[in-house]
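First up is the structure itself, then whatever we jot down about it.
Per-chain residue numbering starts at 1, and chain names A, B, C, D and E are given in the order in which the chains are listed.
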Amino acid sequence: MDIATIIGLVLGIGFTIWGIMSSGSLIDYYDFPSIVITLGGTVASVFISYSLSDIAKMGKVFQKTVLYKIDSANEIIADIINLANVARKEGLLSLEEYASKLDDEFLKKGIMLIVDGTDPELVRNILETELVFLEERHSQGQGILESMGSAAPAFGMLGTLIGLVNMLQKMDDPKAIGPNMSVALITTFYGSFLANVIFIPLALKLKLKSKSEVLIKELMIEGLLSIQAGENPRIIEEKLKTFIPPEMRTKVKNQGEKEVA
Amino acid sequence: MDIATIIGLVLGIGFTIWGIMSSGSLIDYYDFPSIVITLGGTVASVFISYSLSDIAKMGKVFQKTVLYKIDSANEIIADIINLANVARKEGLLSLEEYASKLDDEFLKKGIMLIVDGTDPELVRNILETELVFLEERHSQGQGILESMGSAAPAFGMLGTLIGLVNMLQKMDDPKAIGPNMSVALITTFYGSFLANVIFIPLALKLKLKSKSEVLIKELMIEGLLSIQAGENPRIIEEKLKTFIPPEMRTKVKNQGEKEVA
Amino acid sequence: MDIATIIGLVLGIGFTIWGIMSSGSLIDYYDFPSIVITLGGTVASVFISYSLSDIAKMGKVFQKTVLYKIDSANEIIADIINLANVARKEGLLSLEEYASKLDDEFLKKGIMLIVDGTDPELVRNILETELVFLEERHSQGQGILESMGSAAPAFGMLGTLIGLVNMLQKMDDPKAIGPNMSVALITTFYGSFLANVIFIPLALKLKLKSKSEVLIKELMIEGLLSIQAGENPRIIEEKLKTFIPPEMRTKVKNQGEKEVA
Amino acid sequence: MDIATIIGLVLGIGFTIWGIMSSGSLIDYYDFPSIVITLGGTVASVFISYSLSDIAKMGKVFQKTVLYKIDSANEIIADIINLANVARKEGLLSLEEYASKLDDEFLKKGIMLIVDGTDPELVRNILETELVFLEERHSQGQGILESMGSAAPAFGMLGTLIGLVNMLQKMDDPKAIGPNMSVALITTFYGSFLANVIFIPLALKLKLKSKSEVLIKELMIEGLLSIQAGENPRIIEEKLKTFIPPEMRTKVKNQGEKEVA
Amino acid sequence: MDIATIIGLVLGIGFTIWGIMSSGSLIDYYDFPSIVITLGGTVASVFISYSLSDIAKMGKVFQKTVLYKIDSANEIIADIINLANVARKEGLLSLEEYASKLDDEFLKKGIMLIVDGTDPELVRNILETELVFLEERHSQGQGILESMGSAAPAFGMLGTLIGLVNMLQKMDDPKAIGPNMSVALITTFYGSFLANVIFIPLALKLKLKSKSEVLIKELMIEGLLSIQAGENPRIIEEKLKTFIPPEMRTKVKNQGEKEVA
């Protein structure tokens, strides 16, 4: 996982706890029925909307996307230029051997399609469809987190309404109003905390990571088709370098040259 | 219906009831006029916006979409490859016989168009238009549920406003304020409960199921046109397999081979 | 008007009145200054945004769209197939006579363009531009209703703020606080009632009706161009039938055959 | 300015003042610090986001768009058909003389491009780019008004928070609570009034006017290109008439004939 | 930085402080735990969503975009026409020498591609991809500011909930309720202030500046391709001038003529 995400989660939870303790006691914030309504209700609403297999897949998508370290674009470009050189010197068929050493399944699949002599149009078609479904799966994981981010405050409010209705029904002891209302507000606190510290930022994280991964894969498709078309490795480099922000580009060149040489 | 949806509904309703009972009594939450304003108002707003036939259709759409078990993509691909083999060996006309054994009306219709020798462009056109209208009907059902999801809290608030205005008009007995306000809040509770436990998650369910069904139908169109074009069953399989996430793909192959063999 | 819209309006207003009367008296809900601020302010904001002619047109659009009974797609298809048969047997020029018997202005105009020997590209162009502007006018009517739907609660809140500020300025008599606050809340009630029972559902109604009307007109354009191209009536029927949901389609065939025969 | 806009502003402000006076006194609504926070803060937020030149331009855009009377489409069509007749009889070059009599800068520029013998593709290109930037400028003016419409309630709430915090810090005199809270609410009132009576409706006005102006300009482009292509004036009329709603079209014909004759 | 942004920030902060001091004392608004929860929580949520390198880049993007003075479009057009004249007289290769004198990296890169004899299609491709990634980086910076703009009020509310829950737990001393509630509201104040005075307007600033910069770059691409195509400098000027609002255009001509002459 990105170190920033861990730092952020620790800080977000830490600041909240410190804020609570600076003027109250943490123990007042534990209320089991409130947890059941807020967190349980949020989970229940996800179950209503998504199928069990989607929810199960969500774990994998989350793990793969948020925890997985994306290969730097520079390394991928160096790999592709390497392959382009090989293809030029030894022919497309020789790529098969090199493909087996690659880590990335997507790149490997693309190479195998080229080696099989698949029509370029079909190669693009197959790889792009694959990419579309990858995005689809990512956006579903993100959708689940976003659903939770909007369900949590809603169930928080539902819990507070229940607390208020119950409290208002029996206002015998005026002294109990304060603490009762305090408990009623705790579900709203839970809902707001879960949404703003956990679900909403993680949904955004997933979205951003997915975007980077898709970009890298688009770069791969572009590179693979250029290799198949037998384009000059220097032109391929020029084309693929536009995928990287200028300030990171000089590094590519050095590394590229080193590896290609 | 997906088991997850049932579990989710049971959990969502259960947690709410348990939350109520942990600090109050369920009976305080029954107030007939509140039900009339919240649920009745929500239904009334749907009647204003939609025609009777749309509302009637909604039931069917809901049943067909949420309750219906979508055929696994793997099975459909196996069926299509099967048909492609038949078409290759015995000609397109021989498909008529096989078509009658298919469960899926959409696939059957596509086969019949092919057997009738319809122009490929027209086949695509007819099937895609059909798909557009299918999506249309789904999205209308979803629209009704979403309307209800936003009308319910609005009528809940309207009910609470009525309760508050009535209560404030006659504040003779300070002891009655608590219970009166409690009743006023109950419509807000109803609106929030109906929206967040029922309407919003079911609207999302409908949307997700509709998406899966449309995807399966797109896969069928792709497959049908490939059959008509007389493409190689192996290439068809390659093309259609991109519609399925990689981790589910190996199964297709095995099953495909078995059935085709 | 659709019977459902009338039922919905009666129910929505009825449930609200019944809700009020079940715990209070309707007379407390009449407050002239509140009506002026909420309804007057809503109307004023529409006047600021729209020109007088737009507002005047809105009445017509509303009447035409919500009150007008859309011809069933089945009848239109039967008409078009009828015309296609005539055109095939007696030539395109003979359509002029039949066109005069048609109710629909749009269809009639299309026929006249065909009879005049207008270029097919231009026919499509003219009819589609007309359709774009029809949608435009519909969406403006809808825009006015949506503006009212968001202005009403805003002016309701403005009225409540005025009521609260005035009340807080002179809190001499604690007994008057309740009724004063009650009056202050009435504008919020008005705004919420107008938006949720009247403006928002009617805006949605207009949108849905507009969509149906546009669909019918698109079906007409498709049919007219097929007639001009001299396509086979059976193929035209096949093409146009995709515009209708499958469960309603068998009726078309019967009726179509009857009329064509 | 459209008379409707003036009526609307007078009504909106009038109803609010009357509402205030019906149960309180207008003088209680004047609070200088509240004006500074709400209006000043709104203006400050616009300064942060927009450059000085954008803000200055906004005045012009507003004046040109909201105050300017758009030529009726009928007159523009009559003008174009007139020009088409001239071009047919006396050649494209003779248009130069007629162009100088036109009021509209955009139409004049188009004619000059035609007279200069510019390539039709380039004429369309230049005129459409111009139109894109016109829309751009309009939408920026609209953007400023919309920013103000969302900033005003936010600064209103900020002011109320300040008022509440200050009030709660020194609750020595319970009698002062009412009036103090009343003052605190006044900024919320200001923010809501400015947004709902002024900024939001005027932003919408600007949007609608911009749309009409762009439509007229699109009609001009269509007409100019038809003139350049030497199309028949009757066909041009037919094409351009589709830009106007049917109920307004008969007038065009009469007027067109009169002017062309 | 635009002077307007500085003025706006000074005014926004100044008005708020003045508003506070007009009825209270600034010191009551300093509460360290509240700052930690609101600002700390906002920063934490950004860390969860974005990677460290994105956050670091954000500083640069912000600096480059908001602080950087965009070259006036007029100057760029004059430069391009100058280059077009040189290319016409002395050939495309001679541009290399002139390119080195240009300030703008993007324009320089385009010239070098032309001098290298790159295919026009590829030139457009490379420059447009570069532009897409520039927009991408800008929109990410904007995304961070927008996240902060929506996180700040959320953490403000979270802090207020904590304050309320703590306060309600121990309502022994009724005199302490006022000040305690006052402190609880301060986090809401912080969140609202940060969002409305700082984050939201700066996010909008970034968006608007980015749009201007992209427009200038699009103008450059158009100009560069026209130079490569050997178009007439007068036609190039005509084409590029459409990118500038008419009222600013006469200046271009004068300046253009002066420089070109």
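Note that in this section a contact is a pair of C-beta atoms (placed from the backbone, for glycine too) under 8 Å apart; a residue touches a chain by one contact, two chains touch by 3 or more.
Molecules present, by chain and UniProt name: A, B, C, D, E = Motility protein A.
Treat the numbers as computed from the prediction; the structure is a model and nothing was measured.
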{"item": "Shortest walk length in steps over touching chains, chain A (Motility protein A) through to chain D (Motility protein A)", "value": "2"}
{"item": "Same-residue or different-residue interface between chain D (Motility protein A) and chain E (Motility protein A), half as cut-off", "value": "different"}
{"item": "Whole-Å separation of chain centres (CA-atom averages), chain A (Motility protein A) against chain C (Motility protein A)", "value": "42"}
{"item": "Gap in Å, rounded to a whole number, between the CA centres of chain C (Motility protein A) and chain B (Motility protein A)", "value": "26"}
{"item": "Chain B (Motility protein A): positions in contact with at least two other chains", "value": "none"}
{"item": "Contact graph of the chains (line, ring, star, complete, other)", "value": "ring"}
{"item": "Chain D (Motility protein A)-facing residues of chain E (Motility protein A), complex", "value": "2-5, 7-9, 11-12, 15-16, 18-20, 22-24, 28-29, 178-179, 181-182, 185-186, 188-189, 192-193, 195-197, 200-202, 204-205, 208, 235, 238-239, 242-247"}
{"item": "Complex interface listing, chain E (Motility protein A) residues touching chain A (Motility protein A)", "value": "33-34, 36-37, 40-41, 43-52, 54-55, 57, 105, 122, 125-126, 129-130, 133, 137, 147, 151, 154-155, 157-159, 161-166, 168-171, 183"}
